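Following this line, the structures themselves.
Each of the next two complexes has subunit A plus one other chain: subunit B in the first, subunit C in the second.
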Partner chain A sequence: MHKHQKRPWTFYVLATLFTLFVIFLYGPMISIFILSFQGPTGGLVFPLTDPGFHWFGALFGQARTGDVGGAFGRTLPLALAVMVATVVISVAAGLAFRRRFFGSSVLFYTALASLIMPGLVLSIGILVAFQFLGLPTRWYSSAFGAHLSWTLPFGLLIMFAVLSRLDPAYEEAAYDLGATRWQTLTQVVVPIVLPGIIAVSLFGFTLSYDEFPRSWLTTGPQNTLPIEIYTMTTTVTSPALYALGTVTTIISFLAIGLALGSIGYIQHRRRNKKSF
Partner chain B sequence: MKSRNLIPYLQAAPLAIVLFLFLAAPLALVLVVSVFRNKLFVGLVPAFTFENYFSILTNAVNYQLYLSTLKFTVIVLAVTMVLGFWIAYFLVFHVRSLLIAIGLFLVCTVPFWTSNIIRMISWKPLLGREGLVNTALINSGVIDQPILWLLFSDFTVVLSYVHLFTLFMIVPIFNSMARIDKSLVEAAVDAGASRWKVIWNVIVPLCKTGIGLGSVFVVTLVMSDFFVVAVMSGGLSGSVSSGVFFDLGILNYPRAAANSIVLLAIVVLIAAGILRVVDVRKELTG
Partner chain C sequence: MVHSGVVSLQGVTKSFGSLTAVDDIDLTIDGGSYCCLLGPSGCGKTTILRMIAGHETPTSGEIQISGVSVLGQTPVQRGTAMMFQSYALFPHLTVLDNVAFRLKMQGMAKRERRAKAHETLEKVQLNHLAERMPAQLSGGQQQRVALARAVITNPQVLLLDEPLSALDEFLRLQMRGELRRMQRELGITFIHVTHTQLEAIAVADLVVVMDDGHIVQASAPEDVYARPTSAYVARFMGGQNVLRGVVQSVVGPTVTLRSDQGQIFEVDSAQISAAAGDIVHLSIRRDHTELEKSDAVPTQPNHVVGKVIAIEYQGTYVKVTLDAPDNREFVSHVPDDKYLAQRVDVGDQVVVSWRAADVHILADDHRKSESGPDLELAS
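Moving on, here comes the complex of A and B:
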């Protein structure tokens, strides 16, 4: 209806602001992607000389850059485990929060408090707790828990938003037709809220995969990738650092693409089905 | 019938257990350790002393750290709030196609799912002495000496914070703004309100919750940061958390714990102050 209206002048001002912001957001990232293809004699800044894959090879080849391969081998399984646990726990809790139960407010605000808890403080607490119990800190135990305390509030908030829009009539219809609680959950509720579950997975995976402050004191003797990168920023002064940045960012982008792509695909299919 | 009433408890139990084990209990231990004594070569010595807090409150360096953190927080909050508001406003009220608006919104949020450390480091080849910005400015004749404060200064720290945290402002403001009934805006325009009056008297009050939530995020993120300030100031600036980080480096866990408690108390007070004005639960479900 207002398709033919002239755009106000503020549109052009704000469109410029938005464009500049996007350049500000992605420009630096793009510059290190380019610099990671620096030749063997190239430096940390432009110009790009003799471009190639030299520093990507150096990343996994030399001992000088630390145990990058090993760090990948720990960070990926950790992120996947955190993702699965985040989905299961958030969906279950999201379902619980549809009704008021004793302690629901306390639990909800504790989860929110987790969101504003400084990561370093949590890191100290978990380290001391493990020492207190006589347990060693490991990436698969203490860091796993530390990451969950960061991903779960996001998971819970997404499930809150998604489940509040779920019409209870669907479940009632399923019960009326004789479905059990489990059947209703797996065959009615989960398929409907699937896009939300994918979003929770995306948060679970990427937040764990990139987490630094909460990992700082909780990973134990074997580093995860963000800690490896942090150490490299002080010790490695070659474009290998940029190559590592490029590799990790590509993995993040793959996860984001996969998640957003499948959400988009599901929504698209739903729209098409509704049309007849 | 009785067993059905237990179901919400079973569903919420895993969350409660994780939050107890990895949030509440560790936090309680930090509080306990903060009154312990630190003994050289021995480590933690159980005690009940306030000397760690005393050492923090009487140390002039700590006040400087708090002041510096406060300065960064205020500047970053102001910049991200203005940027976040106008970007959300652009997406909600100026982009006509909903699909394009969602697409552009995602463009703003994608960096959230990538590594903060990498995003921070990626400023280095641009801002250094021989970086892209200095080279371009020298080549074009604007300056003849490289600008040194572009990298490793308070400027760089603020730039990195704005770069990393603006989306925490955009998302909640966008969320509240998208729910504003467009007919309210039309009614205000029909009643003769100017564009600015509509923004100030209709739109801003209706996204108060979003602005509040975004502010809580930004304040907490800046106050609990230690690595951006360490890396991007080149060691010239510090924050409260870098004080904690330093104590951990010299293995003084009790003072690190006491420092953490002070930091946490301040963060919680600010967050509670902001959240008093906004109802989070309503915002999420309503």
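Moving on, here comes the complex of A and C:
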């Protein structure tokens, strides 16, 4: 290839497209991030006047910004519970599906079907079913189930991919070396597929944490955070909304960073552990 | 009292659905010996290994170790240990913790099991890598870790599934010597599955040649190589030319055979009790032949004539291949000095002859004339 070859015109077209894409992706996020530092007298739009942390304080004060603290106090345990349930069920199902059994493919497609089902429809369905059964909808019961219907297909698909690459010789070696089934699971299989399990946890947590459509009619009288934010857009007209967006985005990034960081650490450790 | 480490299979069959992988096998492997199960892929050798190890259950038959039936027992109860083809070293554990794994499962305290693991790693000269992770080791080092992990509790029988197949040529030769040394040092029974003929005869006391779920020959390496009992073994082991003829006459010490192409072979009658009409397979070692460039067809028996189709220099000898008249290749190994004195070229007409005393009869393929139509064996 010639070193100083002229770039084809397509390069400039694609570069422009990509730049627009990046601006579209990060522009709003960065604008909201900047505007969340708006001063007490500033409005919902630029310019930024007298920047500070005023609206972050207002978030947790008893202003008329809605029950952000309470909503966060429900969303976090819900996301953690969904994460744990997703991991446990996905790993167990992944192990079961390594052996073909009667009806396994039907079961597999049934589990995936909820990916295709629109979230709002599912939300209505759960509400109707709970009313029919005479059960109250709550964030820890009906919303928990609704979120699982969304996170489990992802968890299952990841675990199937991870476990299908797991060499059965590891389990045979463990059996050969006198490990019980439980020891094989806890000391061999789970540690080997730990990066995959972390990935499933990340999906379980983040998908539940910011889930709106499936929470819409299923959280009951007490809102989760995404519902609370939606409600606030109709009632709150202060930059507190932006401050809230910044805080929740930071929490999401922390979760992703924690997950990717630990996967990276595990893989680094397996390759490069220092010798004496 | 049965010697410890004797492995005996009696009428063992293993079927997977409609496929019979191992068909009614009887085999006894002496305690403290090195046995190689040899055969092409799919012949059932790995299935036998896995049944002895306790990773597969025979469909029928009996397996005993040291005179005790082991069916239904775990590998630990059997006193076996297996080395896997992929080594199956646990990627999340250090070399030391991999080696100590079996002791950990037994519930041995950390300090004690680590000391024992260091001791075992010393035997394979890898103690300096004890804190490394498996992914940081070379193939040969991983293999030695797998060996150390398998032998840490002094099993009676060590089972090795294609242990050298993942290594390059140079390491393979080095490691097979090391396996043999280890076996002598530990004094336990080694059962080693391989599809490489030279590997099997280099290390084993007993070579078990398999084909399609059956044992076709189980004997000392020199017997399997130089005195095969069937055309299959002769061809599979290599180093032999296999010929076939119908007995024409038995006169005194000489049995005269005639091939389908009209060649005449003479065999010493001490090797065979044959009658006219019998079909006999015989083998001649490639290095027990004389090659001569000649257009004339000799009048004496025990020769083949043909055109040279390939010449390969092998260092101490030259491998000359001719297209024998029955369309099977016939190979002659010519010592290098002799070849250099009388070169041949591809396309030359040559005569390859041998002494009647160097002919070996493949006894299992001897068909008596009254036994009906001849069954041509698969090559």
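Observations on the structure shown:
The rule is short, and it goes like this: the second predicted complex is superposed on the first by the 248 of 276 C-alpha atoms of A that agree within 3 Å, B and C clash if a C-alpha of one lies under 4 Å from a C-alpha of the other, contacts with A are read in each partner's own complex, and residues count from 1 in each chain.
To be clear about the criterion, a residue touches a chain if its C-beta (ideal position, glycine included) is under 8 Å from a C-beta of that chain, and two chains touch if they have at least 3 such contacts.
Since this is a predicted model, take the numbers as computed values, not measurements.
After superposition onto subunit A, the partners subunit B and subunit C occupy separate space and fit alongside each other. Taking subunit A as the reference, the larger set of touched residues comes from B, when subunit B and subunit C are compared. Judged by the touch definition given at the top, the superposed model places A:L112 against subunit B, while subunit C stays out of reach. When the shared chain is aligned, subunit C comes close enough to touch A:A173, but subunit B does not. In the superposition on chain A, A:S31 contacts subunit B only, with no contact to subunit C. In the superposition on chain A, A:I192 contacts subunit C only, with no contact to subunit B. When the shared chain is aligned, subunit C comes close enough to touch A:R269, but subunit B does not. Judged by the touch definition given at the top, the superposed model places A:L135 against neither subunit B nor subunit C. In the superposition on chain A, contact of A:T248 is made with subunit B only, not with subunit C.
Taken over all C-alpha pairs, subunit B and subunit C come no nearer than 10 Å in the superposed arrangement. The touching residues of subunit B, counted against subunit A in their complex, run 7-12, 14-16, 18-19, 21-30, 33, 83, 86-87, 89-91, 94, 96, 104, 106-108, 110-111, 113-119, 121-126, 128, 130-132, 135, 163, 166, 195, 216-217, 220, 223-224, 226-227, 231, 241, 244-245, 248, 253, 256-257, 260, 263-264, 267-268, 271, 280-281, 284-285.
Touching subunit A in their complex are the following residues of subunit C: 53-55, 74-76, 80-82, 84-86, 88, 90-92, 94, 101-102, 104-106, 128-129, 131-133, 135-136, 149-150. Residue ranges of subunit A in contact with subunit C, taken from their complex: 167, 169-170, 172-180, 183, 187-188, 191-192, 194, 266, 269-276.
Subunit A meets subunit B in the complex at residues 2-3, 7-8, 10-11, 14-15, 17-18, 21-22, 24-29, 31-32, 35, 43-46, 88-90, 92-93, 95-97, 99, 101-104, 107-108, 110-122, 124-126, 128-129, 132, 145-146, 148-149, 152, 156-157, 160-161, 164, 202-203, 206-207, 209-210, 212-213, 217, 226, 229-230, 233, 241-242, 245, 248-249, 252-253, 255-256, 260.
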